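Okay, got some structures for you below.
Below are two complexes that have subunit A in common, paired first with subunit B and then with subunit C.
Right, the complex of A and B next:
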């Protein structure tokens, strides 16, 4: 028989206390990764702490420094939140691309990051929006930019006793344009073969950038936040050559592999293609 | 003897749209499927499966497994009584004895009080294997030095067929204006029914076995299962409850008899239901096939000759491989008037999942190859693809060189209507202009395929062809229908109910269509080869007339009126001239049980398709009484930057004879085309070089979702098959087989490349486009 220990804390304080006392306890949010994996590994004994009893976890609200999204907000809540649609449109778009209606109703935005899959859809917009992960433990709160949150497949910077409280997203500058692409094999219920999020701060009235951010998914052991893009600041984005350079520069930082979703070769081409397409879409050039 | 020729009636119910008789139970979750069945004292069964694609089994140690609490029995190939079996070729044990032949092959089995106990016991069975080199591609199976999978099949060839009818093909090729050759290869396609392979078996003290099984062939499969279990056929009863889809996969298959074998040794009822991973690994998906097709043509596009070579990959065990291969070899020859036909096939074993029947049965594979091939020919001959087909289509009463003949045949109407409904010709012109714009990376295309399938395949089972039906009116006047042709979700119970309502003028509530129980229903063959409606409504037609005449006879006794003056209306026998004079079915039924103490009014019917005979040694003779035709069209766009194909709309226009339930038959077109779409663009069970299945889940084995499937337009041309009472032919399989070649032809129309090895993935399309570009660049640089 399965031996499952289960605890349902009612407050954040209770939760972090429990985690600190029980280092083997796993945080259970929507369970759409955790339970599926548990079944795949032959249903071993498990110690669960369910965070769905803590209302605070699902909160979303304005802070002075930006917008806060609680780790326990479901993907569906993120997708349909008016504030997110207005200020962080590609986060809503990425959320809409996760799994199916049933999955989105259960799955949480925190779980999508904490699971640390390279293909996680909502991670890419969070990275380009410069989200910070708010990590809590009995010793208090700390912050980590999301691009530095992932250390390996299934691994994050969080240590035993720590959990994710949510994300803080600074309000984008007025000049910001964004786009997102999930390249997959079918329209619904698929993981990305390649995922791309792009955020560009355009110079006023021009097609050149003050700042470019690109994040890539499903093309390496962790989601990739492309580094060194400052060198393209000021470049003319309406030039095909510039687009190609940015795309190839981004691709250099990816390490795609061959799996059932696609070959290394095809993935490589799709990184370049989707980065180019995303930039064009963001700045509205066909 | 002159053929009976049935005429179309003035139908009130037949041809209308009716929800399924069991729809309410299904959508409210009340239907009890096989996997919901729970019998007193029932145990769970589970198989241990080989981790190797090919390995000698040196030793199986079950001692630790037997100690697991709750475990009742642990079986190996050597501690049970079992016999080699198989529906056509007897090459398989229920539990492997000396050798495992694919990853997933059953090596041991357990029964226990719950799934957890079974899992634990399975994990404690120690098997010593000696891995052997494996054959993972059909192209390697016949090579010198290839490992041998079955002693009985040298060079791993299970069957070699060579069928040649009509004119000499060599001569025809020599003299033809044009000869075209092409190679095509299809993929390993999984049915994806919603309920995996499942059965619950009871083995009693007298060696009588009752199986509750999801099965398309309840009475016939008893013969196969009895062989595997070594019991007389009469000891085996199969009860077929509602089950979650078959699509061909659930004819005779190993899960049912294996469950019974476990029940025998456990001495308690046993439930054996595959989990989804097992079902991906071990059920019976569609055979992949390699085709080399060579055809001969005259200048005007007259189809002169065809030579086909096929390698068919049936996997580790034969199942229905031989019949499927034969279908691939020559089924399509009834659609085109080609007079020189030769087809050669090597049906080979490989160390992969055993394959079986899947909607289309070899004919789907052939349609992908052949309907692609015809478009290639049309281009070379500079004749439009529809014109080329029109010049060669068979028609009504056409007899082909294999001795097959059509009765009703509206294939030309299907194509004309399909092209008209989809605006094929206009779109081809329009798309040509749009696609010529270099800057445009979204290219549009439209393509179609013609299709033909049977309504029953006489070459499948030797003793007879046809069906029987039994009607019983109970003492309250309610009619029970007993038929061996089961409902697996395709809606045949509703079809039967509608026929009863039509002829007996009775309400749906007073018709009960039972599920098959082999202790009760007439003997028969079952639902496969798209035979269900054609055969069983043929039999029902006779049974209904039998019951109708009995009702009129008793009615005439009650009313004191001559039989000729009476008719049936709203559950009464009524005078045609004076509607006041009438006797209700309830009164008639009650009079009958009183006059003949307890005996119900019966209606007995059977049906043999006329002009159909078992093929001789050369495979000559007509195999079906109702060839069903169709034309399927796909309109799509291809993104030349990514290779992605997006199908925007599809059309399925069919000659299915007289539709009985229009709602169900439209649903069949939607479902069939959706499966054809998935097969064409995304589905393939993929093995790694260690012989392990890489994608045994719905995430990794991609089937299209509702979000992918475009709008599908289903239509039926006017047709009536005069050899069967209600004029119905078939749709089940015909609905799938045109979609893949239609998509292939549309992709070619959009971007000028063909992906002749399925599936047509974005990756392959992009590669082909790059190659095409390289080719063109080379050409221009040479010029």
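Right, the complex of A and C next:
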């Protein structure tokens, strides 16, 4: 019979110290990925540090530089937070698209990133909102923009002894419009076949952009933050040709594969279509 | 083999159980406490048959380690019955609508319906479908279950 070594720290400091002394320990937050993987691999021996008892990890509050969301905040807490609904609406929308009610009650926003699945729903809004991951260890805190947080499927920049404390999201500029799409086989309890988040800072009173951000999910080994979109700054977003150019430019940075959720060809078409749709939805063009 | 003693409330009764750290809440409820109403289906949080209320929120108890339930308040299907043995309005509604066929998903469906009606006392059809996304039924085709939710909503509002 296999064993789980289980540790429940009472404070952030105790958690960080334990992780430094026990590099084999995995951080257990919601468990909706970790426990499933553990079962699917035959319930091997595992060393867990459960952070759900530490309130500091679940905090959400205003900082001078933006809004802080603790890594241990559940997806349901993120979905229903009024501040997030008002200032970061597509993060709330993406949270509502994660799994089922039961999964959202357990799963955490930090776990959704640390699991480093390319299809993770909440990661795409966090990328376009320019979120920074706050990483803690016994050496102190450091920051990493979320677009640079993922290094491969299931892999992040975090080293042994480091853990995610939360995210800082700078407040979007007043002219910002956003939209999110999760293209999946069924409406609930499914992973994205293609995910798209779009953030556009519009020029006042116009349909042209000062700045465009696009993030793509489930179309490569890591979530994709599309680079080089500044070449479209000032372009007229109500033009079909411009939309097509942006969508195709975004698609070129994706590397979709064929899997159980969709073929490479289908995904490729859905990237282009969903980027176009998201921009139209964001700037309210039918 | 690591063991821990957990203290938690199950259906309003305090319980102290010695558990292995690799046991899930669903297996402790069924095998240690004999509460066989909570079903284990997929074991991966997909089917919702093992749904229970943990601190007032539905969770798939197959994904919760029993040690994580230390100090928690758990309600299972067995905890819904009234003191006089009569059924909870949601259970009554499932009976009235004929929302049960093989019955394996029913405890999970009932627990999710309770959470759903707590959030949306008068749910729209979309809210019902969304609220029950995490519960699979292979028999009914869902329609009778959705009808049961609406009947339960009326019963609960009538008090």
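Basically, the second predicted complex is superposed on the first by the 286 of 286 C-alpha atoms of A that agree within 3 Å, B and C clash if a C-alpha of one lies under 4 Å from a C-alpha of the other, contacts with A are read in each partner's own complex, and residues count from 1 in each chain.
Just so it is clear, a contact is a pair of C-beta atoms (placed from the backbone, for glycine too) under 8 Å apart; a residue touches a chain by one contact, two chains touch by 3 or more.
Predicted, not measured: the structure shown is a model, and the values here were computed from it.
Asks: Between subunit B (first) and subunit C (second), which does A:151 come into contact with in this model arrangement: first, second, both, or neither?
Replies: neither
Asks: Could you tell me if A:5 is touching subunit B, subunit C, both of them or neither one (first, second, both, neither)?
Replies: In the superposition, A:5 touches subunit C alone.
Asks: Based on the superposed arrangement, let me know which partner A:105 touches: subunit B (first), subunit C (second), both, or neither?
Replies: A:105 contacts subunit C only, not subunit B.
Asks: May I ask you to decide whether A:76 touches subunit B, subunit C, both, or neither, giving the answer as first, second, both or neither?
Replies: Second partner only, subunit C.
Asks: Which one hits more subunit A residues, subunit B or subunit C?
Replies: Counting contacted residues of subunit A, the larger count belongs to C.
Asks: In the superposed arrangement, which partner chain does A:273 touch: subunit B (first), subunit C (second), both, or neither?
Replies: In the superposition, A:273 touches subunit B alone.
Asks: Check whether A:189 is in contact with subunit B, with subunit C, with both or with neither, and answer first, second, both or neither.
Replies: Both partners.
Asks: When the two structures are overlaid on chain A, which partner does A:260 contact: first (subunit B), second (subunit C), both, or neither?
Replies: It touches subunit B, and subunit C stays clear.
Asks: Between subunit B and subunit C, whom does A:35 touch in the aligned arrangement: first, second, both, or neither?
Replies: In the superposed model, A:35 contacts subunit C only, not subunit B.
Asks: For A:285, select first, second, both or neither according to whether it touches subunit B, subunit C, the two together, or no partner.
Replies: neither
Asks: Report, in rising order, the residues of subunit A that make contact with subunit B in one complex and with subunit C in the other.
Replies: 1-2, 43, 100, 187-189
Asks: Across the complex, what residues on subunit A touch subunit C?
Replies: 1-6, 8, 28, 31-32, 35-36, 39-40, 43, 46, 48, 50, 52, 76, 99-103, 105-106, 187-189
Asks: Within their complex, state which residues of subunit A touch subunit B.
Replies: My answer: residues 1-2, 42-43, 100, 183, 185-191, 260-263, 266, 269-270, 273, 277.
Asks: Which subunit B residues qualify as touching subunit A in the complex?
Replies: Counting only subunit B, the residues touching subunit A are 116, 119, 641-642, 682, 686, 694-695, 698-700, 702, 704-708, 761-763, 766.
Asks: Mind pulling up the subunit C residues that touch subunit A in the complex?
Replies: Residues 1-2, 4, 20-22, 24, 43-46, 48, 51, 54, 57-60, 63-65, 67-68, 112, 115-116, 129-131, 133-135 of subunit C touch subunit A in their complex.
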